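The following pair of complexes shares a single chain, chain A, combined with chain B in the former and chain C in the latter.
And now, the complex of A and B:
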């Protein structure tokens, strides 16, 4: 009797222990995505196409530089086309701490660098359907994650993870992310607004391995409520080429490319 | 024909059963399929060029009508309680199914873009409701310094703030309206008052109030007509049978509408007005003849009396009905579908009234019996040739003083022509309500504190030239025009365009210095400001003033009145800039519901004038053919022309504007007026055949037709005067004008028309030779 109980108890422990290893938790999945290595610095050319509900488009070509300084990530971008905004540049410093981003803009027609301060991370990036928040990483413990199911999209097996915001005032009540099981890169993400209605759908069209890093090179964000979409394509990607720290300064902003 | 109708008398039971069975079927159909069309947008001719452009412009720029929710606190709005109400109501309105979340604007949703020494600051005015005096003061200062908010979302006296919720054309329902009012009321306290206004509310209330008021008034109208008809006919059976004609023709008309799936429009509520007038007319004329016959032959049987009535009366009844129906058919030339349907179904109803008068009415007399006879006293001196002393005296008096009628008519024509100069067209919805009504008072209150509850959208179109609206000279001209309109017209409270954004950005990027509140000199600068706005503000805002390729721009003028004079004055100033814009390759177009209302009213009137002229020609031709005499055609048209002229003249003198209802009344006036004339003329022709003396014919006609016409007019006028007590001003106007038209038609027929008939010698020429 005693031995039997012990055996059963052991069996239970073993089953639990085993399944804990095989059955990855939602938090572990999200953590893996969060910790996916990116380069220390990235240089790329960004082609951004905005399409409104009537099918009209605005196309912008941007040269961008990014560098990770540890507690701060700095990026600088120069508009190349259209001609009337050529050499307009924008710099963003994003901090690990709760401090809000520092942003500067240089307008060549005004010949002045101006600081932009904004109290909200929900601002849309360059008039696109991406917010600054969508582009950056969201803190792991800001949401409660739950593994909903597993699904295959575009021939890739994925985990489907739901992340519900702990902060009720956050612009998304929840998001649902499809994460590739093999490389832990998100393939699709649905964003739900404060009223839990579907707001936007992000679709990753192409992921490439460049210099040993997985890089999303073609993505599309569609705002289903406004029927507006943004396509971003990256090209000329260079990683860890040792972009100079002095590149990220007000003086460099005024220089153009 | 006579034989056929008389033959039908043998099948009186069958006739009755068939009519009642078909009516019952129509009633069932109406219960199943009748639907009211209260959505005013459905009335618009969407294939008209102005509407096509406006509809596309509305989709390019998301132009929609806004419901305005004003929150007033007499002690000022900068306190926690008021701001909390503002936030809660904003959120509540964002959650309505009928409202898109991004279409709700208030101080809570707005961005505050301000210039600082070293740059630019974009912030919400508040997210959490400020609680400390410090924070409240800070908010107050921020609003004061932002001219895109101050005076637009917060009144300049700081006691009122508004939430604007834009809605689509087709979402307004009674339920939605009630929910809005309940939501607003629930937020009121001792200090905080909430007002709801805006075009959707006005349109919605009107669409609901008009028919609701009619529903209340119609039974009273019918009751009064019943009573007066009973007094004139002195027969209960006769009254019931006559109203039966009206009832069945109305049922058949609306039943047909239900079967064909055509909805009941607001103008369709005037169809019963016409059917009452024509049905009562037929009934009175038939009974009047019947009464005269049995008075002379008190011992006649039902069949004899009825056959005599049919023999003498089927022709005038058929003639009046056909001419009236043809007059209404001319409304088919209108470009506006509800008006087309109004013409078509009224014509059908009039023809049905004819059928019932000639089939149902005789059958009913056969079944229920004749009215009581009042034997004529043949001994009494009637001072003339007919059985009625009064008619004899009146006819000879009118003919003796014929120049009074002729001169009087001439004077009336001149006076009407003068009055008609004053006539103006009004597409205003708000002015259809009482001045003291809540809806007008609320509108006035909001207009006193803000730019205006009505909007006019000017669409500038560079016809495919990309980036035209990044050009400084274009934006400067826009800016100049806006300031000109705003400066010249009291009624224009605000204007808004891309130029306002550029002015603001230029000021902000130059450390908030007022001298930079202008359009900069270079196209690049403008393009870069726009990029900056896209990056820092809500890019959706820009979509409301300029299209994606910067080749079309939307300029919004806020007006404090929705009447056509205000709109026309604004359009006149804008028009001055047409040439300047043309030089820059830009054309001017307009959009929005206010403008569409203006075009719509013009269309109705244009069509109305066309169809009036057409129906007049058709009627003259038809009557000339019926009487085989072209002179008669013209004589018959005199009373109706006079009626229409007096109607328009009086509207001019009293300042009653032409609108969709009052314009359509002229068709009804013609329809009724021609009835009087035809009955009189037909009787006169019959009488003229039996005598050589014009006076004999005139007096006899006066005694017979004249009396019937007067009774007819009294009954209908009495009924429609009841509408003067309606709570809805357009229904009051309807009552007053129908009564007036009946009255002038009556007088015109019995005076000037008779005089013209007399002096023209028609039917007597051969005899006098």
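And now, the complex of A and C:
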């Protein structure tokens, strides 16, 4: 089983409302998305369904916690299903500085917490269509952004922004993101492979306002080349409930929820 | 292997299931597995094993309970019932207490046991079982006291449990080469449970943004018995004419006290995980050919350590370890080498959305030039059902710990259902 970086960072995007300026630039749009204020702590249950091209599905259920400590954000996940990975846990500490994330995994069969490398951004998370990079906080200045046009999706006016990585070895040649003009939440994202062919499409199915924050509660990533997809649904979302700092520890990794 | 009657096994199983069905909110999980291996050398079935693993768990805010019985059926008529774990957890604000039979895993090394010496090993199938199945649970009281991201762990084990060795007749049993007919006296190999004979372990561990590390100490028993050898001299009647000489060996296996200090660490350096672990063993008894040595043994200290590196090349996960055992103040009359070097290698590749797994793991004896090579491929038909094909290939010097099993190279399959 693989690990993740900051799943919550994408799976839950919380925003306060913004009013769009008339002459906004691509960088300003992405910066608003990047700097969206988040709750101090978040608890949620994540259901991830993997569907292959034959329509067969596999389901993963995860209980996850997130807390912002200022200069470091900590998250911890407890895998509840399927049976063979039950009670596995994963913890990530993400820093404001350039320091790479610290990650640990607890495998109940081995009864051991292992430090693992966070240097696997292009790997797919638990066999899904999301890479670790898709799920993590991509740095604002990692890409060159260009405002292509404005479009309406599902009745929502959106900016359409193209982002090209400054790193030539990046797994995507470019991404195109549709960002709602009213609340600066991404509604759709296209990922293009190294040959500039469309590889994946991320579609936001549902956004809800919870505790004053906009939260993406249902999203779908489809690999259009291999015709399989992954849906993520969040439930039992609780924000700013005062999750204890001790939740993000080896003690909790081994004990579980 | 401890074999019990089917009737007793059935009764125990029904009792457990009865407890489960009568209790409320006890979670049941586990797996059923069929495992068959064919010896490459002669085509015979080296392993025919069916396994049922049951996990009963219930956790509350302040207490938790776990029981993990495993039932093994070998061939069609031999059963082995193992209670791997059965314990209760008590949770307090700053500390946890676990009491009962439990498996305790220490250290940062994979597949080798440096500071990981609290739970003994079941070596009845050599090192082939999965690492979660190779340890034997110990009856212990374990206290974990938490200070931020640091933990002080204290363990008290009132009853010593030794390493479990292959029985004579097993393909994993190696008949020692004796110069004369041995007579074994096992009466002194048992350690009576008492406060004086208890084992104690203490560990301090910390998890930080820079490094994870731990320091440990243990006042324990050597899990492996020392063979005290008394030579019997007399007239050797097998020669004509009879001559005086060595006519027998009285061998008395005994466990001795060991004092162990050590530690381990793990840190990330530019995408590489660097791991290390070391332990100093005080009071180990080794075999010697020194004619002046009492019982043909000599007491020496030794150092055992490992350095390992985990990294990725593209989607392939790689790991390598170097392990060295160094006997301090060694002399040439000792039967064991002063230095024993070993290495491990692991490569793993998950593909087809993590349903197909390719893995190659190998132990390499650098001192003797032997190895155990373990390729395997597994496929998950769904989240519950998987099939594995693998090989255990023993190569190299027949004096080495791996090469000695050259006749036991096998291919095998495991089909597993998780629930």
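What we mean here is this: the second predicted complex is superposed on the first by the 235 of 257 C-alpha atoms of A that agree within 3 Å, B and C clash if a C-alpha of one lies under 4 Å from a C-alpha of the other, contacts with A are read in each partner's own complex, and residues count from 1 in each chain.
Keep this in mind: a residue touches a chain if its C-beta (ideal position, glycine included) is under 8 Å from a C-beta of that chain, and two chains touch if they have at least 3 such contacts.
Since this is a predicted model, take the numbers as computed values, not measurements.
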Chain B and chain C placed together on chain A: clash or fit? clash
First (chain B), second (chain C), both or neither: which does A:54 touch? first
Open item on the list: With both complexes superposed on chain A, which partner does A:110 reach: first (chain B), second (chain C), both or neither?
Closed with: both
- Give one of first, second, both or neither to describe whether A:195 is in contact with chain B, with chain C, with both, or with none. first
When the two structures are overlaid on chain A, which partner does A:144 contact: first (chain B), second (chain C), both, or neither? neither
Exercise for the section: Look at A:126 in the shared chain and tell me whether it touches chain B only, chain C only, both, or neither; answer first, second, both or neither. Expected result: both
For this session: Report for A:93: first if it touches chain B alone, second if chain C alone, otherwise both or neither.
Result: second
Touching partner for A:251 - first (chain B), second (chain C), both, neither
second
Query: When the two structures are overlaid on chain A, which partner does A:169 contact: first (chain B), second (chain C), both, or neither?
result: first
If we overlay the two complexes on their shared chain A, which of chain B and chain C does A:225 touch? Say first, second, both or neither. first
Chain C stretch colliding with chain B in the overlay (listed: 80-88, 314-322 or 332-340) is 314-322
Chain A residues where the chain B and chain C footprints coincide 52, 56, 58, 82, 84, 104, 109-110, 112, 114-120, 123-124, 126-127
Within their complex, chain C touches chain A through residues 29, 31, 59, 64, 89, 91, 96, 103-105, 108, 130-132, 144, 146, 149, 151, 205, 207, 209, 212, 266-268, 270-273, 310-312, 315, 350, 353-355, 382-384, 386, 418-419
In their shared complex, chain C is touched by residues of chain A numbered 1-2, 50, 52, 56, 58-59, 72, 81-84, 86, 93, 95, 99-100, 102, 104, 109-120, 123-124, 126-128, 228, 246, 249-251, 255-256
Chain B contacts chain A in the complex at 59-60, 94-95, 100-102, 116, 118-124, 127, 467, 470, 509, 520, 522-525, 527-529, 531-532, 534-536, 538-540, 543, 547-549
Per the touch rule above, chain A residues touching chain B in the complex are 52, 54, 56-58, 79, 82, 84-85, 88, 90, 104-105, 107-110, 112, 114-120, 123-127, 169, 193, 195, 225-226
